[in-house]
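Below you'll find a set of structures to go through.
Paired with subunit B in one complex and with subunit C in the other, subunit A is shared by the two complexes that follow.
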Partner chain A sequence: MTTVKHGFPWNHLIGFVLSILLTLFAVFIAFETDFSKTVIMWVIGTLAIFQALIQLFMFMHITEGKEGMLNVINIIYSIFLALVIVFGSIWVLTSGHSAIH
Partner chain B sequence: MSLDEFFVTGDPLILASQIAIGLTMIGLIALVTYLKRWKWLWSEWFTTVDHKKIGIMYILAGVLMFFRGGVDGLMMKAQTSRPNLEFLDAQHYDEIFTTHGVIMILFMAMPMLIGIMNVVIPLQIGARDVAFPKLNALSFWLFFVAAMLFNVSFVIGGSPDAGWTSYFPLAGKEFTPGVGNNYYAIALQIAGIGTLATGINFIVTIVKMRAPGMTWMKMPMFTWTSLVTSIIIVAAFPIFTVALAYMTLDRLFGTHFFTVAAGGDPMLWLNLFWLWGHPEVYIVVLPAFGMFSEVIATFARKNLYGYKSMVFSVVGIAFLSMLVWVHHFYTMGNSASVNTVFSLTTMMIAIPTGVKIFNWLFTLRKGRIEFSNAMLWSLAFIPCFTIGGVTGVMLAMAAADYQYHNTMFLVAHFHYVLIPGVVFAVFAGLYYWWPKMFGFKLSEKIGKWHFWLFVIGFNLTFMPMFFVGLDGMSRRMYTYSEGLGWEGWLGFSAVGSIVMAAGFAALCYNIYWSFRYAPRDIGNDPWNARTLEWATATPAPHYNFAKIPEVTRLDPYWDMKKKGETGLKKSDLKPVHMPSNSWTPIFLGVAFGVVGFFLVFEWFTLAIISSIGIIIGLVANSFDYDEGYHIPVEELEEEERAWRGDLK
Partner chain C sequence: MTAHTSANVPLEYQTNQNQMNILGFWIFLGAEIVLFSTLFASYFVLEHNTAGGPVGHEIFILKDVLIETFLLLTSSFTCGLAIHAMRNNSKNGLMFWTIITLLFGLGFLYMEINEFIHYIHEGATIQTSGFTAAFFTLLGTHGAHVSFGIVWIALLLIQLAKRGITQVTARKFFIASLYWHFLDVVWIFIFTFVYLKGMVM
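Now for the complex of A and B:
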């Protein structure tokens, strides 16, 4: 994908449509359904993650160019670290008799 | 606050140091003025953005800090050499082990390694400088100012005294109301900004600026370990930044992140501290591994055995290093599952580390070993570090750690890791790259004294600590009574520390002697080395390479020498673009130092006013449109002829 393609920008179109759909879906879930607050938050959160991935791959081209692989590794590693730090800390500090009450 | 609260008073030892510091400062200022060297200092060193000079300043500061931290160590050893001594009181002992630990790790190990990285990495990858030279200078000045701020604590205001780990609740305002622990919070914050910037700088440098042809798997081992260290810095230091910020808020503004009362949780500090603190251990030890790899390959006259497995084990260590932090507080009362998981991850680190040890041994096997000083340090490292590693696996077992935790056994363990793993490496690196910095070798003969005294002294000092630890002596004990069976071990250990100090003195003498008398005509490749830093003049010219080398395989310089391709064609010379010196890094460093000092004393009005200095520095930096300058071809030609003879 490193060479510039002059064909129709399908990627952009699909990304654009998907982004709009996901946003509309989120609005729908939030305003038009009777799910509890927690469920709504989880659903919207999940949609947001997909949205972010679409942005990264379809518009920000993280897999392209000489450093594509590096960018992907970098992002995965950052997410991994964030998860370890947050959930690791919660786990460590709430188990056993050292737990925060 | 009255003046005698400001200055620490009432202790003859400290009074003597105050006077000594004052006199030394006056002496230095007088000396520079007398020699008319102010302008030279300013334009050649204080404002430089040259990675080699910045590296040398780091190393110089590191040696000074090693001296300071070492004196702390000797004082502790003197105090515990006999039972019931009253050389230091409890408070003083607390302050000394705290400053010793902080200084050794953050102001000795870090700058020494970052200094050597600075000198070597751009040369080793065939680049002309780091990616952001000015940022690099800023990193140095932030570190330096932070180190000075931390060091004045013992004469002005009082030293921190809650250990290098500064655990809460002890490190909170309730239990340590003085300014001592403010110094810890503020100085380490400032140093941390510099370190983070260094990490980013070196990642970009190594990823973006390698010579053409140097693919990932053709990178020298030291470059690899420096890259991985930089990545761990960027991953781990922000955690410390946050933890220190909470600590500062707690101490200065009465918040309750870590307090016992009002919903705070002291264990949160431990958790965050070690989330940074364990990776920090790998930050200092990985570059050291890289240096040993270079030295061992060079002096065994072989390429490094198992290069690929070396790379994978470094990456593996980096990955695991973020997953083991709880092994520092198994005893805080976690559930069994937490302790089990962290026991396992900890023991897993021994695997890639073991791989590396075996690779070094196999590199040595059937090599034509030359026992130069750099090589001696590398050889001594292997068994000493293995003792540290094996006792580490003992400590990794959570159940057993309930016995070892916070005893002298632990203190012996981490000194067996840190001294061979960092200090021996720094010595090996200094002997090896000294010519690259200064154009002459350190004396091999005096170096042997340095080596034997230090290695023997080190083992004499720390081996007994394992045994007193197993006999029940806990760490950070300032005295003990007779009849516990410890005096013999501890007396022995104190004598050992004097032998080690003699080793350090031999190093200082070696530096002095070699500056005066060592031969200067050593050529550009005094060790018959393998990597690119030796493909240019020794000491390296300020532009590093007249023509950027091209790399076709691992150990490129070795290859070039075999093929006879080390020459330089006149037609290859083009003007070289160089960055200009800048006053903003040192200015910003000092500005941060001043604000930091006022924050330590909680003089907020002054702190706010003086933070204008930081803003001025940043603004001035943004409006600095200097594009650097070019070195003309004629000048390159002249400099290259000076050491190559005629060009082709």
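Now for the complex of A and C:
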């Protein structure tokens, strides 16, 4: 929460430029380097998380308002659920746990 | 907080009702994260089951995907500028940047529909394999969200033209902006874990 008059939106511009750079960097890592596929996935996965954080903090102002902390807790919990669903599904359905013996 | 206005608080937060609506929308976005996670989970489980149909790197076109990514990234940026204009109490600025945002959104949809038509010509329809079924469901759900957002925000523009920036319209535009940025967050993960992963692995 800031005062009524806002100057040039540097926050948004920096977030935008960073998003573009992170996207191009991910493409560079994926197609122009000789890293193993596992390393590439870890690097571009990390870049994606950084980009999501830029959106949340620089564009969506998640911490803003009286309920800012509540928003953060809510989103962290949702991300936890998302990770459980994604990795749990992969684990259960690809490592033989679903096989009928 | 009561309904009295305070110069230090943006208009969209100025009533208790507005604060509750914004908090409620964040909780909805939490549920949306879980919804998309189930679609990502299905995709990761099914992506190797191509049933003799095409695999990802045979049909994905990096250039088109990058254009879609930049269109959506830019629309998220202009959407931020729209809210910035709104907080400077500039109705014209809010109107202008919102219309730009919608145009980028429409550009994204145009590219995505062409992409889907290209896949269908390549023999990858939603019924082809587990991979294409999960792919089209995930991408289609995101595209449907973008389409819904465009209609929603276009209707908000009509309200803005009629009523100007009030506590109510400011709150509605702010909530719509959260929705729009969220769609960009989802796209980042689609771009990385569907397209880049599909072309690299």
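Basically, the second predicted complex is superposed on the first by the 75 of 101 C-alpha atoms of A that agree within 3 Å, B and C clash if a C-alpha of one lies under 4 Å from a C-alpha of the other, contacts with A are read in each partner's own complex, and residues count from 1 in each chain.
Just so we're on the same page, a residue touches a chain if its C-beta (ideal position, glycine included) is under 8 Å from a C-beta of that chain, and two chains touch if they have at least 3 such contacts.
Only a predicted model underlies this, so the values are computations on that prediction, with no experimental measurement involved.
Between subunit B (first) and subunit C (second), which, if any, makes contact with A:Gly15: first, second, both or neither?
second
So, does A:Phe59 touch the first partner subunit B, the second partner subunit C, both, or neither?
Touch status of A:Phe59: second partner only.
Considering only touches as defined above, state whether A:Leu70 meets subunit B (first), subunit C (second), both or neither.
In the superposition, A:Leu70 contacts both subunit B and subunit C.
On the A-aligned overlay, A:Leu93 touches which partner chain: subunit B = first, subunit C = second, or both, or neither?
both
Looking at subunit A, which partner touches more of its residues: subunit C or subunit B?
Subunit A has more residues touched by C than by the other partner.
Just to be sure I read the superposition right, which of the two partners does A:Ile85 touch: subunit B = first, subunit C = second, or both, or neither?
The answer is both, since A:Ile85 touches subunit B and subunit C.
With the touch criterion stated at the top, can you tell me which subunit A residues are shared between the subunit B interface and the subunit C interface?
67, 70, 77, 81, 85, 88-89, 93
Considering the complex alone, what residue numbers of subunit B touch subunit A?
Per the touch definition, subunit B meets subunit A at residues 207, 235, 239, 265, 267-268, 271-272, 275, 322-323, 325-326, 332-338.
Show me the residue ranges of subunit C that touch subunit A in the complex, using the header's touch definition.
Its residues touching subunit A are 1, 7-10, 13, 19, 22-23, 26-27, 29-31, 33-34, 36-38, 40-42, 44-45, 62, 66, 69-70, 73-74, 76-77, 79-81, 84, 87-89, 177-178, 181-182, 184-185, 188-189, 191-193, 196-197, 199-201.
Inside the complex, what are the residues of subunit A that reach subunit C?
1-6, 9, 12-13, 15-16, 19-20, 23, 26-27, 30-31, 37, 40-41, 44-45, 47-48, 51-52, 55-56, 58-60, 62, 64-67, 70-71, 74-75, 77-79, 81-83, 85-86, 88-90, 93-94
Spell out the part of subunit A that touches subunit B in their complex, as residue ranges.
The contact residues of subunit A facing subunit B are 67, 70, 77, 81, 84-85, 88-89, 91-93, 95-98, 100.
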